[in-house]
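Let me begin by presenting the structure, written as structure tokens, before commenting on it.
Letters A, B and C name the chains as they come in the text, with residue numbers starting at 1 for each one.
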Amino acid sequence: MDTTLHALSARLRARQATAVSLATEHLERIGAAAPLNAFLHVDADLTLAQAREADRRLAAGDPSPLLGLPVAHKDIFVTRGWRSTAGSRMLEHYTSPFDAAVVERLAAAGMVCLGKLNCDEFAMGSSNENSAFGAVRNPRDPARIPGGSSGGSAAAVAAGLVPAATGTDTGGSLRQPASMCGITAIKPTYGRVSRYGMIAFASSLDQGGPMAHTAEDCALLLDVLCGFDARDSTSIEDIPADKAHIWRGFQAENAANASPGKEFAGLTLGVPREFLADGVAPEVRAAVERAIAAMVARGARRVDISLPRTALSIPAYYVIAPAEASSNLSRFDGVRYGHRAADFRDLNDMIERTRAEGFGREVKRRILTGAYVLSHGYYDAYYLQAQRVRRLIAEDFQAAFRQCDLIVGPVAPTTAWKAGEKSADPVAMYLEDIFTLGVSLAGLPGLSVPCAVDAGALPVGLQVIGNYFDEARMLAVAHRYQRLAEAGS
Amino acid sequence: MRMPAGWEAVIGLETHVQLKTASKIFSSAPTDFGAAPNTQANAVDLALPGTLPVLNRAAVECAIKFGLAVNGGDDRHIAARSVFARKNYFYPDLPKGYQISQYELPVVTGGQVEIEAGGARKTVTLTRAHLEEDAGKSLHEGLDRPGVSGIDLNRAGTPLLEIVTDPVMVSAAEAVAYARALHGLVTWIGICDGNMQEGSFRCDANVSVRRDGDPRLGTRAEIKNVNSFRFLEKAIEFEIRRQIEVLEDGGAVVQETRLYDAERDQTRSMRSKEDAMDYRYFPDPDLLPVAIPRQWVETVRHSMGELPAAIASRLSAEFGLSASDARQITQTRALADYFFALTAALGGGHRLAATWLLGEFSAALNRAALEWQEAPIGPTRLAALLLRIQDGTVSGKAAKEVFDALWDAEGDVDAIIAARGLRQVSDTAAIERLVDAAIAAHPKAVEEYRAGKDKALNALFGQVMKASNKTANPGQVTELLKKKLAG
Amino acid sequence: MRGEILTFRRSAPGIALARRALPPNVPMAFQPDDIRRLARLARIAVDGGEAAHLARELSGILGLIDQLQAVNTAHVEPLAHPLDVVMASTQRLRDDRAEPAIDREAHLANAPQAEGGLFLVPRVLE
């Protein structure tokens, strides 16, 4: 059955379903899929209240395209009602007195929230094994990881528990799990989606975005998620007029490229040689090459480009993100909210034990790394140097975009690995982020669209990287590619 | 205090000026003082997960005003681009675990404040002035449970301007003169209410001592949170004495933070920290660089009115006030306002007004521990008295008696003059009678004067004035005495 | 120790670079005492075993991030905000309007310990 937002919306409009029936249907599936561990908190009363309200709006003829459709939020977005834990023991019982901007916007559009989705603790991880509330399983193969840190979101969508979900991406956390679970997700340009109410990991990198089955669904969602928010100082107010509307831009792009067999005419795709170098799993490389070839066969031009500092994005990211995280997570001190240790000698001991008990291993590693790179005598060598390399990386992308419209390549070097395989080795895990980190450092938009499955039936994602504010075009290209892939399969 | 021979002190001040804004620097919570605990702290001030800072325009404007005021209206020390940084440390009343402050690019760099201490003028140069947020408060009293403190975050996020001087002051008196001048300035330009009891103006002093002529600075101690000018003076004096004693006993001054204990009149070391503070400053990624275009600075300048230093030069140039009088008149807005109201009512008389305000009036206020805005004699009534001096109705001496009566609210000026018989007598015949009587009654003084002892005239003059109940026109008395004795 | 971190089941382009930056048999960059110092700075209690473990892990991470030292960045401005590359973004300023509606009880409801409108903590020593 077609479980896209697009299809569900058609069922609602045709009165074949109601918001309440859709919500109930999905809540039942969530209950049955408990072993996936995708959801952290479900509250049927809250959900059904929203669904009933959506049904009233539907009955009144409200044309909002997302009205009545189910969604769920990565538990890094705060919500009134549902608990907001960030996947951490530190916030196990925390309830926010306000909703995140992302949550507000989708609620205002009439979407019905099904609950909160598991994730790596404070969004730190690439496998969703770092959640204090247990690892999430990949619905394609429960022995494997779903990717991270938005692993609960990706798994829930892939398993049909919810047609769409929100996620966040700091170094690949939307794209990589989407790739590993075989769904579509887009990380927008930094500053397009408000960070208000997103529990901060690394402020200069964090960006929220949608996850769904198709690029078309992502375009619908992103159209609502994007927008200026005065409560976030890094929210961008003056987006170029021709790039301001996602859905409109998405439709215009598709309308202009509708002629069969020439769906990609005039599009130049840049393929960074560093993205297809040795070390990328052969099946991943082959899948990406086939996808590119399919688009070239329908009018796209391929240019081989270079992003020479691709490998350097790893150390640059693993300085900047931990530095910002170490400071952002200092607020968790057991004073005003969250966990507080039960036994302590004095105030200082209370804070130290609270943090020792409340944070998991990966979070501690990053806090300590961050404290180190910012500390006296090391700041210039690590933090400032990383920010300089960051500029070089961003400039590399700008140079590349002088040669092409979009950059394409793999999302990750491999498909989903077995749970536990890399847990003992943080650096090995970090290296898996190599193709997503540069985009995050540069603040560029990047999406992941499924392009194949490997011999083990594990999905491979194609990464499409655009220049700033080019989300509509990226989604439109991904959409046409998806149509092609559907027709071909 | 006299500096012990062979030693000199070096003092720099860091002043936290609480800015007079309606809302906090990074949140929309109100900044009212004295509200019930945690009723003025919103989600941002509490650092709830997901909250973000948004900068208050008025706070930046206050910093721009200050930058203009300490540079004679020149904008060259106001950064065109200013950056906020995080200062990371843990404290229960610091909700985020870091304070948003400024490190590398403060709003104001440089500037100067003119002071006068011990009769000498001095320019105190400023290092910088930067914006930052205040922390909350830890309360230890009045709680039912033992061994706990209560955290009130009402003050958290209140905008502060931290103003740092170069280490250029050499005595507690200079430091206090600077603090007073700065207090006058920040209240004058309206960026601070100046209330020291409520913590709106807090001084930290960096104090070190060295042997005379030693070019190197000694190790400094920082005295924290002194909340009155008197205590600032005492704290610095104590600290100078303490450091000299330590060094003279062959010890070494430790770089540390010390608290002033007013009851014991001494400074004491704060609980020493386990390890040296490492604040891990870095640019706050939640905030972008602040642009301060010149056009904005211009607009702010126009909104400010004439700066005190400019008014002082005008008072000297146009009305002949001494530079010192002019600076003192413009030290606080309340005094300057009083001065201008007075001279307006008087239709001139700027020098006479300055002499009275800085002399008799200031002394009376000091005795009564009152500020200018609390003065019991308003400018109109004082003008009535000075008019009577100008038109010769009362002598300056008699005017002081009238002033005291006015202070005690005995009625209006003319009524007091009449009731006390203080009207100046300028009737030549009447004065002549008194002069003649004095000459007749004091032949010895007359003899001495004629023998060339000019001082003897004073005795005769005093007799005439006494006989007239201070009302005889002093100029006329002198003139007549000289004429008669010469004749 | 460092060699252990570089045992990968699958390889990725980053690894070759990481290998070059990490000659084998280099002594561990972090000792447990360094970890304890950092942990004090970050206010996280660590016991002896944990410090040793973290020292190994952070030494590995340090090997990774030390690759930055080889990059020539003379004359390159640090990039603090990603979009500075394409647009000069500056801080937006909020009008100075106070919003007094604050739900203290909702805030205190999340507190581990509260009384009389205050958040309670073990006694603060000044």
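What we mean here is this: contacts are C-beta pairs under 8 Å (C-beta built on N, C-alpha and C of every residue); 3 or more make two chains touch, one makes a residue touch a chain.
Keep in mind that what you see is a predicted model, and the values were worked out from it rather than measured.
Chemist: Between A-B and B-C, which chain pair is linked by more C-beta pairs in contact?
Modeler: B-C
Chemist: Mind having a look at which chain is the central one, using mean CA positions?
Modeler: Of all chains shown, the one whose C-alpha centroid lies nearest the global centroid is C.
Chemist: From the C-alpha centre of chain A to that of chain C, how far is it in Å?
Modeler: Each chain's C-alpha centroid was found; their separation is 21 Å.
Chemist: How many angstrom lie between the centres of chain A and chain B, each centre taken as the mean Cα position?
Modeler: Going by mean C-alpha positions, chain A sits 57 Å from chain B.
Chemist: Taking each chain's centre as the mean position of its Cα atoms, how many Å separate chain B from chain C?
Modeler: 45
Chemist: If I count partner chains per residue in chain A, which residues reach a count of at least 2?
Modeler: 94, 97, 204, 230, 233-234, 326, 330, 333, 335-337, 347, 351, 371, 375
Chemist: Please set out, as single numbers or ranges, the residues of chain C touching at least two other chains.
Modeler: As it turns out, chain C has residues touching two or more other chains at 40-41, 43, 80-81, 89, 91-92, 94, 107, 113, 119, 121-125.
Chemist: Two or more other chains touching the same residue: where does that happen in chain B?
Modeler: In chain B, residues 43, 46, 48, 54-55, 90, 92, 149, 151, 153, 278, 280, 285, 287-288 touch at least two other chains, as defined above.
Chemist: Which part of chain B faces chain A closely enough to touch in the complex?
Modeler: Against chain A, chain B makes touches at 43, 46-55, 86, 88, 90, 92, 95-98, 149, 151, 153, 278, 280-282, 285-288.
Chemist: Quick one: in the complex, what on chain B touches chain C?
Modeler: Residue positions touching the partner: 21-23, 28-31, 36-43, 46, 48, 54-60, 81, 84, 90, 92-93, 138-140, 143-145, 147-153, 259, 270-271, 274-275, 278, 280, 283, 285, 287-291.
Chemist: Which chain A residues qualify as touching chain C in the complex?
Modeler: Residues 94-95, 97, 189-191, 204-205, 230, 233-234, 236-237, 274, 277-281, 310-312, 314-316, 318-319, 326, 330, 333-340, 344, 346-353, 355-356, 359, 364-365, 367-369, 371-373, 375, 381-382, 384-392, 394-395, 398, 413-414, 421-422, 425-428, 430-432, 434, 441-444, 468.
Chemist: Which residues of chain A touch chain B in their complex?
Modeler: Touch list, chain A to chain B: 77-78, 84, 86, 91, 94, 96-98, 100, 195-200, 202-204, 230-234, 323-324, 326-327, 329-333, 335-337, 347, 351, 371, 374-376, 379, 383.
Chemist: Residue numbers of chain C touching chain B in their complex, please.
Modeler: Against chain B, chain C makes touches at 37, 40-41, 43, 80-81, 89-100, 102, 104, 107-108, 113, 115-126.
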